Amino acid sequence: MNGNGEQKSLVERLQFIDRRIIFLFIAVAVVLPLLFGATLKEETTPIVQELFDFIEHLPPDSRVLLSFDYGPTTAPEIQPMADAIVRHCAERDTRLYMMAIWATGHNLTGSTIEETLKPEFPGYVYGEDYINLGYKAGNQGLIRLLFDDFKRMYSTDANGTAIDEFPMMQQIKNLKNFDLIVSFGGGFPGIKEWVLYAGDPGNIPVGGGCTAVSAPLLYPYYPNQLVGILGGAKGAAEYENALITKYPAYGKKWMGGMSLMMSQAVSHVVIMLFILFGNALYFILRAQRKLETGGGE
Amino acid sequence: MRYKCIIAAAVLFVGLILPQALFAQEDAEVPDSLLAEVQLEPPPQPVVTEGVDRPNDNGHKLTVKWKYPEEGVDLIEGFEVYRSMSPDGEFQLRGQSPADYFEYFDIGGVDKSDPDYMANDEDYYYKIVAIGKNGVSSESEIGGPFQTSGQVFHTGKIPVLIGVVIFAFFTVYFISSAKKGKELYVRPLAGIEAVDEAVGRATEMGKPILYILGIGTAADIATIASFTILGRVAKKVAEYQTDLIVPCYEPIVMSIAQDVVRSAYLEAGRPDQYNDDMVFFVTNAQFAYVAGVNGIMVRERPATNFYLGYFAAESLILAETGNSIGAIQIAGTDQITQIPFFVVACDYTLIGEELYAASAYLGRDPLLLGSLKAEDWAKGILMVVFLIGVLTVAFGWDGIRELVRVNL
Amino acid sequence: MKRTVPLLITFIVGAVLILAEFVPHEPFGNFGEDFSLYFDIIAVFAFLLGGGNLIRVHVTKVQRKKKDWPFSIVTLVGFLGMLAAGLLKIGNPDGIQGDVAKLGSLFNDLYMFIFTPLQASMFALLAFFVGSASYRAFRAKNLDATILLVAAFVILLGRTPFGLWLTSGLEGSLSFLQIPNLANWIMGVPNLAGQRAIMIGIALGVISMSLRLILGVERTYLGQDNE
Amino acid sequence: MAARNIAGYVVLALIVIAFAISVVLKGLLLTVGAFLTLFIFSFLYKDNPYYKFAEHLFVGVSAAYWMCMGFWGTMVPNLFGKLYPPMVGGVLPALKDNPAEFHMVIPLILGIMLLMRLSSKAGWISKWALAFIVGTTAGLNLVRYLRSDFIQQINNTALSLYVTGATGFDLGATVSNIVIFIGVMCGLIYFFFSKEHKGAFGVGARTGIIVLMVTFGASFGYTVMARISLLVGRMQFLFGDWLGMIR
């Protein structure tokens, strides 16, 4: 094959283009929008808008349980959702109860508080307006236990302070005391388990944000069992769009989902152009071969 | 800097002053509620009606139900449920129920050591307390005795049992008819027929063969199916005297794979050629395993890569790296999400069920082929049921769904 | 005997578990969970085999000065260091009683500083490989390949704003042909049908394979022992 | 060869210097993460010593990680803690007073049997443990798959092929349901092993392949987005957290 390299036409050689060139294009397509801070607006679809509207209509001091059920590998997709929903809840003055049924979720809860909630909402007071309950093991079994008795599992917050010392915990007996549960993360355990073991039996509204890959598995639960779902970067960007529409001040802010969408769009286009390019070469080559063989067949 | 000071001051203010203000309010409220208790009427009494054992379980759970007058619902916050083992014993709080919900599912502990333990076939008594919004509550009469028990047969799983019986019957029937020497046709599978060719190619090129069992454990049937194929491949490899590399993700899988490969070399009459270095453990972390296998691929440059078993996101990393070194690649997995990546990046892909059939194909063992026939019959029956289902639904009868409903 | 006893064990264990599925009464109802727990524990015993194998492979490489042997030292240092940090709970704020992965322990630090970035980076390689795989494989060489290509292309297009932009002219009764709608339809209908067919096939394969194992027809996993 | 060696040392020196500068400016944590990320990405160009380093480190650390998690998470609480609770009192005081569960001696025996394979004489006994594992796998999976992926699908596929909505006949939903039904049927026909794909049966199998191809293409295209997101995450780490070039 390599021996008759000189006889190959340019088209033939391009067909087997060095894949490192493709790698380079993809890297550039991802990085450039990030460096320039380019963002892409996404029209909000109903499945996202309904969760937004639900939170928008929560009265102040409503109790929202946020469960951080994801890890560092999926954080690029899911963190923007967590940020957007935390912002929205804080705008509505709801109380935020943050927990995790994934061990890896604990660190991400902390960084959401440190990087989004605290700097942007300095008025939010720990223990009164928001609390970090930390991670507990037990997967869906934990949800089942929380459903009956919240404080049996969470006798302290993440820092080890007794739970009853926090004013915002005093009205919490079990999961039914929450006005909304939002789970971030579509793996196991995740949104599905929250629906099956908390939302359904207790008639508690559940919403969720998950990776693009797991979203199709959750769509069947909408709208009966899930208020709304944010699927992948697109879902995050749609929620951010809804947020900006309602609270225009966020228009000036850097939004994770929208920035992700720009990189997404550019790299999708790059991949599609390569596919088109490859097929064009293929057809040119086929036409050439037909000419060479006389095209008589 | 000044800005930060202002924020700090604000936080201090909110953190120190606000809670005091709140507590002060609460203090002020106490006398109010005390006053109320003296003057206000208690809400109506609930009446315990029944305690039902949940069917199809191992016991230790009971649903207690009660009646409550409609006009009382608005007056109360909710109910509290208490339980005791004797009518005049000490009653323990079991949980709460909302004001408009007149039953409580009491989940007891299964272990005797559990403080929550609820024994089967013993008497339990319940008391329901309606908590009034005004802080006054009223107790029901004691209800009971109620018992909970474990069942011997799970009636909700009858369709599954029927399925098991039918399938087992087909399998045994076709295996025994295969034993009697009945010829069975099986259609060719490209991925299987390529195995010999792929091993031969590696021999010609003087390069090794890489066999990946995936990132499953011995708890995945896909991994076990892969062992059978590994046995066949290893036997061919031993006959052709080619090198075989089997990096493993899990120690138990490694142990079984060592046995399988050793036996294959024995069968091929070359036990001396086998050594335990062919089958080794890499690591039990998905992407570390991929990093290691990628390294092996680019350094050992195998002529043929097999990816058979359970695969997750790493499928495409492996298949693309394998492609870049020009190896022939044969893949197969039962992970629906990963099949597309193998189809795109490998030369041959065994799709789902074909992976399981492959072991029968390679063995050409009539017994195994008999079980393929049984699978086909099951498929045929399922298709007929689908057809009946669609037709009956079209005529407005939904019964077929009811017939196959599994109630867990 | 050496051959029959394992086959008998597989048969009894498999049959009892199938039976237990239909008998909620104790102790059968818990067999599934119990046996899974046993499995987990045996797997931890097996880690001794795995760890021993890993050490043996790399020590041999170093001893015999095989190709790339210095890197085997890296593996050994990483392995033994992490093992010591975890088993002895070095630097754990709660001492030996603390959770092994407690924040602030050396074990957790190594996990966060080394394991996590390496894992995320390996995972991210996929973004490059989806690109190279689609360039190479999505060629309209024959009918099957063309269908594969078109389905993938429509979905890709549907995930960018260009999909809507290209086909926004199709309105009213033709709006189902707009790329985003078409993409959703492909995901929800033919894709679903294909997945379901594969899923049913896999279920049959698993059932049949399980039966063959329980009945002792499939026995490669035991190897032979007339050695 | 010598020139290549020199070039190699120059690269190494540059990396060491860059590493040192980065540690001073950004701290050890970020620096280690960033360099390991770059080492892994360097594999895309070609295999090289830096990738080898990262790979070998990753293998060693991760293998020990899972062993420690298995020891502290499974072995101690679930085996020792259940077999003889006072033994783990020192590390898990909460379990100390639990009653012993004697059936846990089964996995202990099986585990020891498995380790017997290290002995050349009694190695055969390890197969008893493996047989137990395979039996468990077979027994658990058989019923589970039969229930959820086989019988349950009858329910999901018994769709109405003539759908009427609020406004009368719903063409879109009807077509969709017909496509699902035919797609599933033809897909199943493709998976028949003991019948030749000829005649009408062959047409069904061919249609099945087409449905499968749509499935594969669509799933592939759909996943691209998630994969790009992962890369964006890494790039945000490199260019944002580490180099400070974003925002």
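Letters are used for the chains, namely A, B, C and D, taken in the order the chains are written, and counting of residues starts over at 1 for each.
Everything below uses one rule, namely that contacts are C-beta pairs under 8 Å (C-beta built on N, C-alpha and C of every residue); 3 or more make two chains touch, one makes a residue touch a chain.
As the structure is a prediction and not an experimental result, all values here were calculated from the model.
Enquirer: Name the chain whose C-alpha centroid is most distant from the C-alpha centroid of chain C.
Expert: A
Enquirer: For the chain pair with the highest number of C-beta contact pairs, give its two chain identifiers.
Expert: That would be the chain pair C-D.
Enquirer: Distance from the CA centroid of chain A to that of chain C, rounded to the nearest Å?
Expert: 22
Enquirer: Using mean CA coordinates as chain centres, what's the gap between chain B and chain C in Å?
Expert: Centre separation, chain B to chain C: 13 Å.
Enquirer: Can you work out the whole-Å distance between the CA centroids of chain C and chain D?
Expert: Computed value for the inter-centroid distance: 3 Å.
Enquirer: Multi-chain contacts in chain D: which residues touch at least two other chains?
Expert: Residues 40, 43-44, 52, 54-55, 58-63, 65-67, 114, 117, 127, 130, 133-134, 136-138, 140-143, 146, 150, 153, 157, 181, 184, 188, 191, 212, 215-217, 219-220, 222-225, 228, 230-231, 233-234 of chain D touch two or more partner chains.
Enquirer: Where in chain A do residues touch at least two different other chains?
Expert: 19, 23, 26-27, 30, 73, 213, 216, 234, 264, 267-268, 271
Enquirer: Among all residues of chain B, which ones touch two or more of the remaining chains?
Expert: Correct list: 157, 160, 164, 167, 219, 221, 224, 252, 255-256, 259, 281-285, 287-288, 291, 299, 336-337, 339, 341, 343-344, 351-353, 357, 372, 375, 378-379, 382.
Enquirer: State the interface residues of chain A toward chain C in the complex, per the touch definition above.
Expert: 17, 19, 22-23, 25-27, 30, 40, 72-73, 103, 106-107, 216, 234, 264-265, 267-272, 274-275, 277-279, 282-283
Enquirer: If you look only at chain C, which of its residues touch chain A in the complex?
Expert: 101, 103, 112, 116, 119-120, 123, 127-128, 130-132, 134-136, 138-141, 149, 152-153, 156-157, 159-162, 187
Enquirer: Can you list the residues on chain D that touch chain B in the complex?
Expert: Residues 40, 43, 46-47, 51-52, 54-55, 58-63, 65-67, 98-99, 114, 117, 126-127, 130, 133-134, 136-138, 140-143, 146-147, 150-155, 157-162, 181, 184-185, 188-189, 191-197, 212, 215-217, 219-220, 223.
Enquirer: Help me check something: in the complex, which residues belonging to chain B touch chain A?
Expert: My answer: residues 7, 10-11, 14-15, 18-19, 22, 95-96, 98, 107, 324, 337.
Enquirer: Under the touch definition given earlier, write down the residues of chain C that touch chain B in their complex.
Expert: 18, 21-26, 29-30, 36, 39, 42-43, 46-51, 53-54, 57, 60, 67-68, 115, 118-119, 122-123, 125-126, 129-130, 132-134, 136-138, 148, 195, 198-202, 204-213, 215, 217-218, 220-224, 226-227
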